[in-house]
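Sharing a structure here in structure tokens format.
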Amino acid sequence: MNQKLKVVVIGGGSSYTPELIEGLINRYHELPVTELWLVDIEAGKDKVNIISGLAQRMIKNKGLNIDVHVTLDRRLALEHADFVCSQFRAGCLEGRIRDERIALKYGMIGQETNGLGGFANACRTIPMTLDICQDMEELCPDAWLLNFTNPSGMVTEAVLKYTQIKAIGLCNVPVIMEKGIAQIIGADAGEFIMQVAGLNHMIWARKILHEGTDKLNLVMNEILNGHDPLVPANIPPFDWPKDLLREMGMIPCAYLRYYYTSDDIMKQEQAEADGEGTRGEVVKAMEQRLFDIYKNPDLAEKPKELEKRGGQYYSEAACELMASIYNDKRTVMHVNTRNHGAISGLPDDCVVEVSSLITKSGPLPLNVEPFPDDTLRLIQLMKEYETLTVEAAVEGDLVAAKRGLILNPIVMTGTVLDDALKETVRENLDYMPQFRWMFAQNSGVGRSYK
Amino acid sequence: MNQKLKVVVIGGGSSYTPELIEGLINRYHELPVTELWLVDIEAGKDKVNIISGLAQRMIKNKGLNIDVHVTLDRRLALEHADFVCSQFRAGCLEGRIRDERIALKYGMIGQETNGLGGFANACRTIPMTLDICQDMEELCPDAWLLNFTNPSGMVTEAVLKYTQIKAIGLCNVPVIMEKGIAQIIGADAGEFIMQVAGLNHMIWARKILHEGTDKLNLVMNEILNGHDPLVPANIPPFDWPKDLLREMGMIPCAYLRYYYTSDDIMKQEQAEADGEGTRGEVVKAMEQRLFDIYKNPDLAEKPKELEKRGGQYYSEAACELMASIYNDKRTVMHVNTRNHGAISGLPDDCVVEVSSLITKSGPLPLNVEPFPDDTLRLIQLMKEYETLTVEAAVEGDLVAAKRGLILNPIVMTGTVLDDALKETVRENLDYMPQFRWMFAQNSGVGRSYK
Amino acid sequence: MNQKLKVVVIGGGSSYTPELIEGLINRYHELPVTELWLVDIEAGKDKVNIISGLAQRMIKNKGLNIDVHVTLDRRLALEHADFVCSQFRAGCLEGRIRDERIALKYGMIGQETNGLGGFANACRTIPMTLDICQDMEELCPDAWLLNFTNPSGMVTEAVLKYTQIKAIGLCNVPVIMEKGIAQIIGADAGEFIMQVAGLNHMIWARKILHEGTDKLNLVMNEILNGHDPLVPANIPPFDWPKDLLREMGMIPCAYLRYYYTSDDIMKQEQAEADGEGTRGEVVKAMEQRLFDIYKNPDLAEKPKELEKRGGQYYSEAACELMASIYNDKRTVMHVNTRNHGAISGLPDDCVVEVSSLITKSGPLPLNVEPFPDDTLRLIQLMKEYETLTVEAAVEGDLVAAKRGLILNPIVMTGTVLDDALKETVRENLDYMPQFRWMFAQNSGVGRSYK
Amino acid sequence: MNQKLKVVVIGGGSSYTPELIEGLINRYHELPVTELWLVDIEAGKDKVNIISGLAQRMIKNKGLNIDVHVTLDRRLALEHADFVCSQFRAGCLEGRIRDERIALKYGMIGQETNGLGGFANACRTIPMTLDICQDMEELCPDAWLLNFTNPSGMVTEAVLKYTQIKAIGLCNVPVIMEKGIAQIIGADAGEFIMQVAGLNHMIWARKILHEGTDKLNLVMNEILNGHDPLVPANIPPFDWPKDLLREMGMIPCAYLRYYYTSDDIMKQEQAEADGEGTRGEVVKAMEQRLFDIYKNPDLAEKPKELEKRGGQYYSEAACELMASIYNDKRTVMHVNTRNHGAISGLPDDCVVEVSSLITKSGPLPLNVEPFPDDTLRLIQLMKEYETLTVEAAVEGDLVAAKRGLILNPIVMTGTVLDDALKETVRENLDYMPQFRWMFAQNSGVGRSYK
């Protein structure tokens, strides 16, 4: 990396981008970006132009010297890039909403990153991401790919297994946990080390080291007492089974409620879907309001309203990660990276989400002390689901897909799965070319199921 | 073992006992039983007397010299026993029916050996079995305990972990698979080796060795073509997802439908419960008819009607196992025994169901080739559920119970689990003294959750 | 297998062959061999003709109908074979003697199957065996290869890793242990089960099941009291460190003295080499005497003198193995076969020596209970040495060879190893074409060390 | 930790102590030690007084405010200590020399931390260290024990297994490697991360991250070209087998020559012993010269001569470790700590030497990527030797000792081991009370070998 410092954002028209811009502005002193490229597709042209305008106003407002480019030509943007942030949404919010509704229709939890919806999202997103990486291998082989496109863990696993690109997956869940913990223990970010481990959207805080002691029990007691600032805004509040929590010896992330309180979530989701709409539908309305705000030519900073959107801190994490790599800062961050033994009992080549020392050469995961047996079994199960889903997404292998989904605790099996899966693929066929063979004339016969 | 050969049956009043008698009679030439003790409890007095009468008529009819004793005094029976068959039902059929109804009420599969019902059954049965073993340690420490009381795997694990007794768990599922396979490949029992592995009610046939080749694919094709004689009579017919089956490379036992077709089973069970009754209710009616038949003083053989009962071959397996041990026959049988590395990826001290060479010193498991990853994850998950359930049953630890149940794929989690669990324990309190603390005055406070 | 039953012996001119002939004669009732083909190379022509003459006289003497063929054309012999016994010695006894002398010269134990000599033997033997298997794949793909060419474990591993041939490795060490144990416990062969496990020439008896109890301690005490009939005749008597043995809880095979009493063996070997000669030299003299005896046209049975030769029971094991496979006898034998989890802690695809149920489909290993940690570490180390040696032998990779030898406890490292290795390869170049590159002109430069 | 900051040095009379004093002086700005206690035993009284005098002059010379105390009363010193540095030598240099001479007499490598000498050292040192820890548990339970008494890995393992004390083991080997690497790549200490892993005196550099790339190959090439500044001064220069090194993909520490070039080391050692004396004898002479220098009342700084002593950087590492803990500095240091999965394939509770992030709560090991199989086997073997040696040292179990030593590649087995072991114990009986039973009258009979 030299005087030029080129950052490319795939899915630049995302409503989150202003947070990313703010993050880059705030870190300009240590991360002197010279070019910022916002890439989007034809369907996102209007949005990315609105974002670009806002970005330019924000940068100008601070008197910084960052060139902002907008393009639909991904390859043009990628050339000689230093960092590529992937935050696109394959199939747009409509795809997410469709996933949610199909899952609910079949009596299953409808969710963007897990279960049937997570599977659909992976199958739409992974092939596109691999295409991007193929371009990167040619145009910027040394660039870092920072992926925060969901399902972030599976997407990162696909990139690390099938391409040569240096990729790191990011998520805001650990960031939010860390901020909540900071609040509970009354410490600033840099003053303590929270060590998390698990899979994307399936992590536990294992240690909270502050002032020479582990404050995990202190934090646990606060949560048991009903004070839980560790939950993202886009996740409705809920009660942990307190007896479980007390014996766990670890702080579970909010997404673990899908495993520990599945039925309550299901009911809550169904009520929402019948009321204000699914999460995707709520987000869609919110996004429209946000873009109306972004359009305002007088706006030259990230609007407060974005913070209600729910996905905050993604971009902060991304900017901090870029700054840490660029400056070899050796901060401890929580990233999706190759396991390589960090979590005992999982394959070496799979991707896990673990606290890592961030160096100019990428993340060095901290060792994870062995998980309790029951937690390990759950993690192993979900990783196997993820690995089979990645395989299914890349190879269009429907049997791998089913073998994976059958393991997933929030997926029902049997006829209902067959039907839901068929509908999912059929409705997403434009985004899942790998499964087109299923609806070819000789499907049941020819290459059916590999 | 010398001239005396004493067999004790705990739960002698079971409707299955005539099959056991028949099995002993058929093997009298190699297993010359001198004393047969039928033990039951006060509540089963009438039944065991009916059984005893029939047994004596059957034995006399064949002109054999086996003394039949009936007693409610277990310790009297156990003294100097050689083999102890455990086939009692803790809480009787009423307990089973209650389990089924509670599970269904909360929207879960109601089943004798798995899920919430399996948990309840384990918590009723394990303490009683450990009591029996305590007596055995004193009165017949060298006797073999053949357990076919359900849940057979967990009960055997409890015995092997908490007592000194030599115990072997039995199940009719592999016997039925073997008979179905014999029919498909057109071979007699001794002419082929079916190797199974997994956990009780969760096994797969891994090899079918006949005439120097492995006929697994041949059997698989028959099943795919709709010819499936491997399913027990007490399990309604059902369709495997054919694509899964084809790729599995192993023949799953019928109980695996709970994992692969959970929703279909749930619907079927609900329909049955609303119609002819739950399985327990159907069995109860059947049993009453059977005992009416058994009473007939002219009956001196096992009546045909018993075969419709569903649990056949349990007793055949038990008799063959006794004969194999007694004569060091080195037959290959399928038993629940300590893992000790037989299935890689499971703890050494847990109990697995594996094909084993039966010697006078007990079973020597055949090595099990590594399972496919996804299957292994499911087995590991269920074994962890079982191990936590055994721990909960022995120690009255409700958090262990919940941690186990949460892992179980056919159990729902959250409030519904809390409620169902509470009701299960409350309704079974007479049979679950280990959980009585929960309803003591200071429950929530004192030793609650350990 | 039909009316024709064709057995091929590679290395038919071996002095052991009369034992094999006797074994076939004794089992003719259950293993009705129709054709016996003795294959050898030009250099062994005289010997194989002597053996063939003796074989024909032995068979005629018993009035049996087995056609004996002698040929130097291996492919002619292999066509449509049912069983192929491999018992050749690559490089003849001269090779063995050379190995022993080189090792001793450099201060290391000189031994046919372990250390530097084992490495040399593997590098001579494995390429030839793979050639034979290539012929078998073409000419008799369904035949069983029974390998008792040393180093039997590594040779079998090479065949199972690099060819499609069904191979089983045999050794007389477990047979001799079993016979010694039979003598101690006063039981006939079929009356007890000795279970061994480990690697070829590195096994431990883990269980000795007789009359319903494990007589391992009884046997151990006899050995501790100086009564050790488990040691092969070709291994000089020696003392086990009694304290070690007592705590081991397993009966080590005689070859384990190389690890537990390395220095004593070294001294003994050096004394022998300075006196009557190395083992290879002693054997060479013995063989010459044997062939003089075999030549006698009046001899029509296996001469007593052969029993002093030391390698007895190899052929008995081979014949029993053929009979067990042919008749699906389900005897328990001790064979080298693919691990597949039989010994926990070793790779699935490596070869181990374990007690197995012999079926018409080959061996089904009995599960091996976990080894004590220290023993396991030794086994893992030696298996890694073996696996690297196989790799070196197949690929001519000298660095793999060194990495393997460095692990071997009876090999010295540093300059002395470099020198000894170089001499070994140079002196064996005719038999180790895979290492010829080392002495090519551009060795140090071109493909040196891959 | 508050205004008082008390550092205790067990073995304060060591010739190394001036380096420690210098280290404390250099870090006084961040590690404001208020009290320094030098503890020694009666036999070391003169030495510790000399050291104390020098320490006071050095501190005064810099105008710092550190109280230096000298005492033979360990408990007095330990009270309310914050850091305890353990650097004593059990049995003094005489013990080390005796170990070396006994090993050489029996034809084995004589070495302070490995083989027979390492065993003797462990058996002398571990009981004393556990005594110290018992005092610490009472007098300063929250203090950190920084152990650099050899064998550092085994001593630390004993403390972590048998006491409640927070202990970290230190060694100068990784420090020297790091300094050598810094020289090769031309970088300052803080500018790159060297990640090492293995066991004490058995580590490999796995990564050398500098400027965003891994410079391991660059460093490897320098070493292959004969430029090796990674070797401690107390280890004579030697040649790695270059072909091995090239394929290793890791930089071995200097002590690994005991495994890769055992015979060369043996010869070198024997030549030295016959010439200038064993390493211990050389060190003894050197120490006498050093103390003559230390006595000089005009000396008020660490004399240059100490650097030739060989063990330099131990104290620097200790001081940096104290400063890092005290200030939560999150530096990456290379320490002996509980494995807990850091190195896959080793027990969780064993001690490994791994690069770790140093926090106020102690070390957080970086995850170690899986080792190549052959290296892992060697590490597993040596860890098993260490674990058995710790067990032997604590429990006086001679069979455990032998089982461990038999695994050690630099130890010969059989009669020679029995004799050497007996002599070792007999000659050290004053320091090895745990083995006194061996020489009690009823030894061979009563509790012999447990």
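In this document, chain identifiers A, B, C and D correspond to the written order of the chains, with residue numbering beginning at 1 in each.
The working rule: a contact is a pair of C-beta atoms (placed from the backbone, for glycine too) under 8 Å apart; a residue touches a chain by one contact, two chains touch by 3 or more.
Being a predicted model, the structure only gives us computed values, none of them experimental.
Enquirer: Determine, using the mean of C-alpha atoms as each chain's centre, which chain is farthest from chain B.
Expert: Greatest centre separation from chain B goes to chain D.
Enquirer: Between chain A and chain D, what is the separation of their C-alpha centroids in Å?
Expert: 45
Enquirer: Starting from the mean Cα coordinates of chain B and chain D, work out the distance between those two points in Å.
Expert: 57
Enquirer: When you check chain D against every other chain, which residues touch at least two of them?
Expert: Not one residue in chain D touches at least two other chains.
Enquirer: Considering only which chains touch which, how would you classify the arrangement: line, ring, star, complete or other?
Expert: ring
Enquirer: What are all the chain pairs that meet the touch criterion?
Expert: Those chain pairs which touch are A-B, A-D, B-C, C-D.
Enquirer: Considering only the defined contacts, which chain D positions touch chain A in the complex?
Expert: 1, 193, 195, 207, 209, 211-214, 325, 328, 330, 332, 340-344, 348, 354, 357, 359-361, 364-370
Enquirer: Going by the contact rule set out above, which residues of chain D touch chain C in the complex?
Expert: Residues of chain D touching chain C: 107, 241, 243-244, 246-247, 257, 259-265, 373-374, 377-378, 380-381, 384, 387-388, 398-399, 402-404, 406-407, 409, 412-418, 448-449.
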